[in-house]
Structures are given as C-alpha cells and as structure tokens.
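Lettered A, B, C and D in written order, each chain numbered from 1.
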Amino acid sequence: MAIRANPKLIDEIERYGAQDVSKCYHCGNCSAACPFSKEPYTLPRHSMRALQMGLEEKLEGELEPWLCYYCGECSTECPRDAEPGETMMSLRRWLTARYDWTGISGLFYRSWKAELFAIILVALLTGIGFLAAGYWIGGGDISIYDGEGAFLPAGESWYGLPASGGVHLFDWILAAVLVFFLGTNAIRMWWKTMGRDKSLDVSAGMYVKKIYLLPVHFFTQKRYAECEHKRPWVVHLILMLSYVTMLVLIMFFLERMASGPEIDWRVHVFGLLATVGLLGTTIFAIRGRVEKTENHYKHSHESDWMFLVLLVIVASTGFLQFALHRSGYDAAANIAYIVHLMGVVPMLALEVPFSKWSHLAYRPLAMYFADVRAEPALAAMRERQLADLPATGASQAA
Amino acid sequence: MTFEPKIVGFLCNWCSYTGADLAGTSRIQYAPNVRVIRVMCSARVDPTFVIRALEEGADGVLICGCHPGDCHYSEGNYKLMRRYPLLKKLLEEYGIENDRVRLEWVSASEGQRFADIVNDMTERVRELGPSTIRPALQADAAGR
Amino acid sequence: MAEKLQIAKYWGAACGGCDVSLLDTNEFILDIAAAADIRFWPIAVDGKYSDLEAMDDGELDVSFYNGAVRNSENEHVAKLMRQKSKLLVAYGSCAHLGGIPGLANLASKDEIFDRAYLHNPSIQSGNETVPLPESTDDGYELEIPAFYERVYKLDDVVDVDYYLPGCPPAPTQVKAVVQVLVAALTGQAEAPPKGAVVGASEVAVCEDCPRTREEKKVTKFYRPWQIIQDPERCLLEQGIPCAGIVTRSGCGVRCPNTNMPCRGCYGPLPNVTDQGAKFVSALGSIIDSKDPDEIEQIIADIPDIAGLSYRFGLPASLLQRKVTP
Amino acid sequence: MDEPKIGFYICNCGTNIAKMVDCDAVAEAASQLPGVTVAKAYKYMCSNPGQEMIIQDAKEQGLDRVVVAACSPRMHEPTFRKALATAGVNQYFLEMANIREQCSWVHDDREAATEKARALAFAAISRVSYHEPLERRSVDMCPATLVIGGGIAGLSAALDLADAGTQVFMVDRQDHLGGNIARVDLTAPYLDSARDMLTERITRVLEHPNIEVFLESEVESIEGYHGNFTAKVAGKAAGNGEAHEVAVGSVVVSTGYREFDASRITHYGYGKLPNVITSFEFEKMLRRGEIVTKEGKVPQYVAIVHCVGSRSKEYHPYCSRVCCMTALKYAHEVKSAIPNCYVSDVYIDMHAFGKGHEDFYRRSSEVKTLFLMFKKNEHPVVRKADPKDDCEMLIEVNEQLSGELIELPADLIVLMVGMEAQPDCREVAHLANISADKDGWFIESHPKLDPVATTTDGVYIAGACQAPKDIPDSVAQARAAAARILAHISRGKLEVDAVYAEVDEDLCSGCRVCNELCPYTAIEFDEEKHKSQVISALCKACGACVAACPSGAIKARHFTDQQIFAEIQGVLA
C-alpha cells in the first residue's frame, strides 16, 4: 500500500529550525560520515528523505534523530550545504512536540515568544508564591535563612524524604508533576516508535533483556563518545552529571544543603562540584554558540538560548545563596534563594517536560528501543531487499 | 582443434562497412573468421567475385548492403537483390551448400547486428566443414 | 609455293559438327587440298593412330583438334597431335571451352554411368553392363579408353596455340583463319600472338545484331517457344534469355537472325573472367522488381541456370564442375 | 607493368591495435611478399612523424605504392593520401587495411586477430599493385544553398550564409518560421525569452536580401551532385501547382523533431484526465501568463514527470536531452508565479550535462522542488484522487531514493514529452540521399570528427534532426555547417573524387544492359556509335553498371575487377 507523501510537512518542520533540507540530493556522503549510521538505522539520509517527501507517520516513528548526538560531521561532508546535522536537531524538536500531548512543547518550539512568556510568567508566579509563603507560612522574617522561623523552611525530612511541608515537599510535588508529563509523553513516544508499528514483532523478552541499556546510556552516553571529536561528549557528560548530582542533592538532602552557616562537606562538596560543572559547561556552551566554535554550535534555536540562560541563572543564584548564607547575609541569601527558585521552577516545570531538556528522557529511551527493535528491523530490511532483487535483475537485463 | 572457416565478406561502404566500424568503436566482440573487402555499393558485387572467392578457397562468402530502401545510391541494393537469387540457383547446381553464401542487410547503425551475423555465419559454415572446391580443382589439375 | 603444308584434324569428344563445318567451306576445301597434304583426318581420309605415332615431332605444320577431352583416348591423341605439330588449334567450342560435352561436369562419372548403363528405360533388365577399361572376353584381353571423372577442355591437357571458337565455327571464319595460318606458315604474313582467339570478334554479338534495342526491363522470362516474338526487337528485352550480350561475335549472329536466342558458343569476351557469372549478373540486373518474392517468381521461369549460362563453357568456368564432396 | 615498389606500414595506434595484434610479426610477414620494399610498424602512423616516415621512404626508396594497416579508411584515408601527394606519389596508389575497427577492437584472441590482420594486410598489398594513377576532377561550386526547415538551426545557418553574401533558399512546410522553439516561453538555464531570441532572427531572415523563404512548401526532389544540385520546391510560396526549381551547391537539412505522443503511455492518463498536460501545452499556459487547472483553479500541487517516451524499453531508448532542464525551468516558473505551490519533479536520473545546468539544478532544489526518482521502465501511475483528498490526482511512484512506494498529490501534471524523429524522416533522408538510424535520426559522416556533414558530399545536417539537441548545440551545428559551406564557396571550385565508372568503347557492344541501372542517369546511349557512355560528373561510383556489364566494358576506377580479384586472393592467401 502506497504511503501518502505530504509536500507541506517540510514547511512545518522548517519552523523547528531545519532550513536546507530540500538542497539534499542523496549522494549519501552524510551517512558515510556518520559514526552511528549502520543498518538498520541509516543516519541522517533516511530521515532527510522521509522529511523531503513528507512521510509524516514514518518520521514520527523514527528513532534515528535520537541516535544522533550532532557531532556535525555530516554537515561538514555535505556537498550541498543541506545541513543534515541541523535537520536531525530540528527533527528532535519536532518529535518532542509530536510526543507531547499537551501541545505545549510544539507551541514553545514554534514561538520563542510563547516560551519566554511562559518562563517569565512561571518565574513571577513562583517569586510571588514563595514571598507569600514566606510571609504567611514561614515566620515572615526574611532575615532568617534556615532553622527556627526560616523565611523559606526546607520542611521536615525523614530519611531524605519530605515528612512535612516546606520547599522540600514543593520540590517533590513539582517532581511528580514533571514525571507525569514526561512519563505520559514517553509512553506516547513508545507508541509512535514501537507500539504502533505492527510490521515488526518485538518480543517482550527483548524489552527485559535490553533494559540495562537505559541507565548505561543515561549515565555514560557512550554512543556520544563514538563521535570523532571527544570534547563535546566530555562537556555534555559533565553537564549532565552535575545536573543529576544537583537533582539528587535537592530531592534528598535539601535540609543538609540549607542548614548552616557551617559547611557540611558530606553534601556541599558535591554541591560545589556540580555548580562548577554546570557553570563551566554552560559558559563554554554559550561562548561556543556565540562564536560558533563547533559544528553543533553553528545553528542556535531560541530554545537553546533560553535553556542555557536559565541554567546560568539557576547555577549562579544557587551558589550565591549558598555563599551569602555562609557569610551571614541571610536576608540577601533568601532573596537569592527566591530568584534561584524563579529560575529552577520554570526550568523544571517547562524546559524538562516540554522543551530541550526532555531529551534526557527521550534519547536514552530511543537508544534502548533502537536496540530492542534492531534485530527484527534488520530482518525486515533483508526481506525487502530480497523482494527487490528480481525487479533489479530485470531492469539490468533490459 | 576446431575448423576455423575462412569467410570473405563484401561490405558496402556506406552502411555495412560503417556498421562494421561501429561494432569496432562499440568494442562488440565477434568471430575473427570474416575478412572484409570494401565495395562502394552492394550493387558492385559481381557474382564473379563470389565464385572467384569460392574458387580461391573461401569456405563462405558474406555480402552485406544497406537495408532495401535505405541505399546510399538509392537503389543499388535492389540490383544485388535481383542478381543474388540467380547466383544462388547457379551455385546450387554446382552443388554448393546454401549456407556457404549469404546476403544480409546491415545499416550503419547496426554494429551489433553485424557482429551477430558474423558469429552465426561462422558457426553455420563451421558445421558444414571446409569447402572442397579448391582441393577438388587442384586434384583435377594434378590428375592431368 | 615451295612444298605443301602438312595438316591434320581430329575429332575428340564432340558431335562431329566441326568436321562438317570444315566441309561447309565448300570449294575452299579444294584450295586447302591443293595447298596442303591432309596427313590425318579420321572422318575424311583413311589412317590409323599408328600413322600419327610414326611421324617425327613437329612434322605436322598445323593440327586442328575439335572436341573436348572426356577419356584417355582423347587425351592420348591430343598429346600425340601436340607432339607432332608446330601449331595446335583448338577447333570449335568443345576444344575451346569444353562445349556441350562439358555440361556433363554437372554430374559425376558414377551418376553418368548409372544413367547410361544401369537405370535407363532403354536397357533390357539383366543387360545392365558398365564398360570397364580392361576386361577379358573368352580369353581375349579387351581394352577400351578410360572414362574420366570429368570433362576437360583441350588446353587443360595440352598447350594450345590458337582457339577457333564456335559450335561449330562459322565456315567464313574457318576459311579466314586457315588463310591467315597458311600465310603465316609460308612467311607471307605475321602469325597471330600465341594463345589468341582467332576467327572471332573482340566485341559481343549485340555489336552485329540487327535487332533494335531500347529499354531492358524484364518482368518475365520466356523460352523461345513460349512467346510470339517481335522479330525486330532485342530478344532479351522480350524476356528471352539471349547470351549474345556475354558472347564474342563472329558467328554472324546466326541464332538471333533465325529468331533463336544466342547460346554463347563463341565464349566469353576478352575482359570477362566467367561467362556464366556475367550472364547471371546481367540477367539479374535487368529484372524489373523490388519485391524479393516477385523476383524469385520471375527467375523461376529459368529452368536450368547453369545449363543456360555455361551451355558451351562449363569446364572453362571458374568452378569448372559440380563439387561432389 | 614492371614490379611496383610497395611500402607497407602498420600502426600500433598506441595500444589500440598493438595490444591485440602482433604488429611486428605482420610487418615481417608482409616484408616477404613480392614488391614490398619497406615494411615497418610504428606507434601512430597518422601522427606527423608517421606521415613523415612514409614521405621520406617514398622519396629515398622510390616507393610507388603504399599500404597502411591501421584504422578504418573512413577515418584516415584522406590523411595518408595527402602524405602520398606530398611525397609526389599519386594519392590513389594508397590502400589501407582496417585492422583496428574491424580487427583489434572486435577480437579477444591475439593469435586469431594477428592472423586476420595479416590476411587483411596481404589483401591490401596484392590489391595496391593493381592501382592506377587517378586525377581528381574539379567542378564549379554553385554559391547558393538550400536550407530545409526554418527552426532555430535552419535560421542560424541561413543567416550566416546570407550575411556572408551568398544566396540562401529556405523551405519550411509551416506557415511561419521558428520551428518548435516558437512554442516555447523561456529557455533554460538562464530563463531568457525564447521569443525575443527568435523574432529577431526571423525578421532578419524574412527581410534579408540574400534569403528567399518558401513557406508552406516542401522540397520535392534534389538532383545532381556536390556543388551543382537542382532542387524542386513545391507548395504555396512556390506558387502552387508547378514546382519551383532552384540551383544550389549545398543543402542543409534542419528538419528538427516532433514531440512524443503522450497518449501512448496510458497509465499517465493523458487525454483522459483533463489536468494531465504535455510540456508544450504547459508552455502555452506560461506564455498566456496564467497557470491554472482546466477548472480554472490555481494549482496547489504541480507534478512534472520526466522521460515521457524517452529512456524506456517500449518507447524510445535514447535520452531527449532537453527535458530535464526544461522541467527545472518549469519548477522555477511555477514557484515564481505561485510561491506557495508545491512542485515535484518525478524523474529517472537528472541529466544536467551542459553549461550552467548543474548550478541550475542546485538552485531548483533551493526553491524547494521535491525530486522523486522512479526506476527506468517502471513508470509511475496517475489516478484521480478521492473527493476527500486535498488534490485532484495522485501519482503512485516506486520511489528509488527511499525505496518507498508512495503516492504524490497533484492538481496539475506536466508530462515532459521527449523528442521523436519527424514522421517523414525516411522520405527526407531518401530525398537528400542521406541515411537515418533506427530511431529515424539522420546519420552524420563521423560521430565524433564530422558531426555536421553526411555520407553525401554537399549535404549537411543541423539541429535536432540529427539527434535530440538543445538550442546552443543546434545553433553550433548549424553555424558549423554554414562555415563548411562557405569554405567551399570561397574556393569557387570543388575537388571531386576521381573514383567513377568509365566505358571502354572498343569493348562496348551497345547491348544497353547498363542504361536503366544508373540512379543518377549518368549513363547515356550514343545512338551514332551505338555505345553507352558514362557522364563522369554525374557518376557517384556505386559500380552497379560495372557489375552488370556483360562485356566487362565498364570499368570502376579504383574498384576494378583485377583490384578486387587481387584482394580476394590476398585475404585468402
């Protein structure tokens, strides 16, 4: 049965960043250059073609864009400046939007104004919210940072879990919300990429057998290491690990983090390291994007900027409150804290489920799925090639 | 070792000889048994030439001209077309096998056709075996 | 005139017409008799081979051999005559080209014997006998000439000085040639170059043919009895295959003048290698059709193309005889 | 004839011959033959040193015959004839043995090839001994030219000839000049107007004092020979009824092409679906300036299908050469007329061989043209779309680059119909005494070295009647033809080959067998002498009469019986 081509699709995806797709005339240099391009996954030509022809459903079901870490080799090799690397990036944005049932991420990606507005709005609400909370729930004394009558109490903790109210509990509610959105979208992703395609028979056993890949890919990003240049991988890895460290610290050790003024090395050493990691890498990235030092920095989508800026704000204010508190300026520390939260909340509430950061879930999943379906996909491919053989034979004879 | 027939080919300059050249420029491989004699037009092919070739020891004779209606001299090939059947009848009475003498139309663009004809004719003549004409006449002379 | 010329004439494989043609010179024969001693002429004067054998080499001034060489006897005598004569003349079509007997070259010796002595309606069954060169009959050793596999023209077996073509040669030509030779031998005139065809023209019969010629385009061939012909017009143009176009003139256009097509007895023209092949070429060239099937039909009316084109000259043709592998 | 001194030269042609033929061995064998004074093998006989070698040997060793075993005589016979002339030897004392095109290039068994080369060399050597010195005749060159066909090629040739001050007669069967280009809007790849280009030339032709144009007329017959043709032109302009006769020295055939009939390919639905149109119908739209469907709607999807009738088993095997660029041109024109329209090119291969073409192709992809590749001999199928679809039609393509069977939406489908030889090309070929190949394109005298001339001296071909061509190539060929003709005219006289038939009156009996055979009526019968005679100027040396002459009275100069007998004996030796 023939698949309907949709020439209009390319216009839609252009709004996610891709600009030069139609220049591609399928010489295949990109796939030759790509370190990940091996059957059954041909990167990036396969996606480029599907995109040019507007094979919507096919594209939605593709894992290939997620298998790409954007080393940019393809774009360098491309004789027609069709920017395949950037196209893959744009496809990831588009896919994120397609996975997201709320439609928010689509909105964000297509209109940076909307995204910015949302961020500011959430930031303001957060600010106001916490100020209010400080006054009415907390003692209202902004000069107290922690302990008895703290303006923004962390709340009671029981083995790292929030036993009663306070910021800690809020964190967990926020986390729950975040997981809900990301989770539901991840399920949609599974449906579009795995569930829907009846042609492949993927056994449940496979899912179990390959499950270990999830953490592996998540924590090591070893595939990124396969790229020709190693630096991007290192940078990315540091950023990601710092981020995760921070997440763990905040989710489980918020009290210890907050309590002071004396430094609690058991947690703060990690906190400081993570901060350095975050700041270092983000600044490196910002510089890169400004000066376009590396392939994957050439093209910057608004979402990239907002993501980086938020990170810088969050990391720096996080450190600031820490520093102020330790040096006894609790009032200032509290203000820094609120600003910090004004950055953190939109970042977690918007960026993670609906924007760039969602890839922290989708990419490892995609790699996991890719491995799960590799064998049946390969088999199907072979079958198809065999089916083609007589046809080609005939045309040669002619 | 297999018998390699010697075949004399009379080719018209404008179609068949050019066609044979085209087979060359197209690098089409064919049997090396035909030795070509160029004539301006197949109409120049006097039955005497064919008979002389056979007498001189040719195992076969191939005549090629432009396709009827496509002659460079507008109608030369028809003239051959008229003489040829008479010649064939004559040769038949001499007891010469039909396949030894052959007339084919080959245009300037039919390099492949020329090659195919040469291969086919070579095979047929090879099946007939060597022509006995020359040996027989030599024997007659020796007998005297 | 000092002494008489010594001449001889012999009849090989031939019909005898040639001997008659010499007599057809009428009273001129007497002049010959006056000028020459006829030393050997089996049909006219008494004599034996032994007489011929007894002569010295070159004793004869000129000998006329008519007929083809079909058997060992013909060859024997031909060689004898060559040996005994200063000049040997191939007299008539058979000696010149093989003649009518030459047509036997379209069949092998065995085929001929089979037809003549074994399977022939005129043979009473039980009487089938094939002649053998040597045989014994109640004690007597019998020898007859060996019948050759094929027919030869005279110069296949001996060196020939002059050729006098025709079947038979026209008496006027015979007369002329004899005069030339006599003059040459008696030193009154220069002899023609050796190997020359004497008593014939260098040009085709048409040169002397009185019939009018216009356009040669034939759509049907006829045998003489199949058509009421226009006595004024070229026979070929009327579809009657006339060999005049490929034949030396000199005969006096004997056949066309009697409404019969030329058969080609005077043989090919000086520039022609193979009379029959040329005749085929010319006949084909005047067929008026572009349709292969129609062409086949037109030539189908010519029953025996070899017999037609080589009626008098098969042994002199390039291929000489039917090939029997 | 006293023993001739023959020089035998065998050419290695680099390795073209040497790799398959043992040239030294052949030379060695040849040197043993009687009369062969010199026998040499050399790298490139056609090179200057090669020719020098012949000239020197001829002078020093007194050669009076030369045999060159090399390429086809159709290639280099003139070269070596010149060399002989320079050496002071009559140029007809040359014979070539074709051991490249007809030996080394077509055999793969070195031994057999060498043996064949030897036989061919022996044939040439035994033939050359019978060669006779011949003198070329020179005839007057009529300075007028007949141009058949008033398309871009014909116009270009005519103008160059006329501007040079020579008379031109132009015949076109249509009621206007311009041919197929007159039906075109813009040209690829530079998108300038075909009409501007054409009208300028047409007006110049019509107003040119040296050009006489016969519209709605056809050439009935062309008689004569190079330098002295007489052509009969019949038709309206020639005053209907009696044919107008023109005397010309040269003929330019520029009859062009006609487009492929798209309805022959049924699964494109041409003639059934109203919005499937041919490229020429689309050109009409472009010239009207509005691209709309039959229903008058502005199309949202336009699909352009390439190779309609070209490069396919069942229709025409060849590439029509102009369609790819024209298709890209359409993409550009549609995009600029309807910016939000989606244009797809359904093609087999993109042939962008010409100047500026590849760049044009790149630019087209930048205006977002969707290129879909289908497999040769596996044509897409067009069908009507369902009402719920947002398009008129759907094209099913087995897309090669993705390996997917897809269906493409289309509101307007443009079929790039290929070029086809004119329906009466065979008649024209017969008329001008040139030949046409199996597809009906006229055959040039040499595919590489002489693509302008034909096998008939004085008749030239220009434009798409020789093979599918774009405008620049047609014009180039036309102007080349004009240059060739002017070169002859400027010399005033023409050298005509010395090869023709002649009658030996002493041997001719006036049987008149030959009289009806000559296609050029070169044989006349002298009623006085009762002999046939050949008018050498009219004779084109086919030899039909020679073979037929029962008296052997007609001699084909340079193709005599003796020469051919010698050749027969040679190949069999």
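Simple rule for what comes next: a residue touches a chain if its C-beta (ideal position, glycine included) is under 8 Å from a C-beta of that chain, and two chains touch if they have at least 3 such contacts.
It should be emphasised that the depicted structure is a prediction, and the values quoted were computed from it without experimental measurement.
Undergrad: Suppose you hop from chain A to any chain it touches, then on again the same way; how many hops at least until you reach chain B?
TA: Minimal hop count between chain A and chain B: 2.
Undergrad: Starting from the Cα centroid of chain D, hunt down the chain whose centroid lies farthest away.
TA: Looking at centroid distances, A is the chain farthest away.
Undergrad: Based on Cα centres, what is the most central chain?
TA: D
Undergrad: Which two chains have the most C-beta pairs in contact?
TA: Result of the pairwise contact count: B-D comes out on top.
Undergrad: If you average the CA atoms of chain B and of chain C, how many Å lie between those two points?
TA: For chain B versus chain C, the centre distance works out to 33 Å.
Undergrad: Find the geometric centre of each of chain A and chain D from their Cα atoms only, then give the gap between the two centres in Å, rounded to an integer.
TA: 66
Undergrad: Go ahead and note the Å separation of the Cα centroids belonging to chain C and chain D.
TA: Spacing between the chain centres: roughly 56 Å.
Undergrad: Taking the mean of the CA coordinates per chain, how far is chain B from chain D in Å?
TA: 28
Undergrad: Would you give the residues of chain B that are in contact with at least 2 other chains, written as numbers and ranges?
TA: Residues 46, 48, 52, 75, 79, 83 of chain B touch two or more partner chains.
Undergrad: Using the touch rule from the top of the page, what residues of chain A touch 2 or more other chains?
TA: Touching at least two other chains: none.
Undergrad: Mind pulling the chain D residues that touch 2 or more other chains?
TA: 517, 544, 547-548, 561, 565
Undergrad: Treating touching as the only link between chains, describe the layout with one word: line, ring, star, complete or other.
TA: Shape of the chain contacts: other, as it matches none of the listed patterns.
Undergrad: By the touch definition up top, name every chain pair that qualifies.
TA: Pairs of chains that touch one another: A-D, B-C, B-D, C-D.
Undergrad: Show which residues of chain C lie in contact with chain D when the two form their complex.
TA: So the residues of chain C in touch with chain D come to 202-207, 213-217, 234, 236, 244-246, 249, 269-273, 278-279, 281-282, 285-286.
Undergrad: Which chain D residues qualify as touching chain A in the complex?
TA: The contact residues of chain D facing chain A are 301, 313, 342, 344, 350, 362, 365-366, 368-372, 375-378, 396, 399, 401-409.
Undergrad: Looking at the complex, which residues from chain D come into contact with chain B?
TA: Those in contact with chain B are residues 72-74, 98, 100-103, 105-109, 112-113, 115-116, 119-120, 123, 426, 429-430, 433, 435-438, 443, 447, 455-456, 499, 517, 519-520, 540-544, 546-548, 556, 559, 561, 564-565, 567-569, 571-572.
Undergrad: If you look only at chain A, which of its residues touch chain D in the complex?
TA: Touching chain D: residues 1-8, 10, 22-26, 46, 49-50, 52-53, 55, 58, 80, 384, 388, 391, 395, 398 of chain A.
Undergrad: Which stretch or stretches of chain C touch chain B in the complex?
TA: Within the complex, chain C contacts chain B at residues 75, 106, 149-150, 152, 156-157, 273-274, 276-278, 280-281, 283-285, 287, 289-290, 292, 295-296, 299, 302, 304-307, 309, 317-325.
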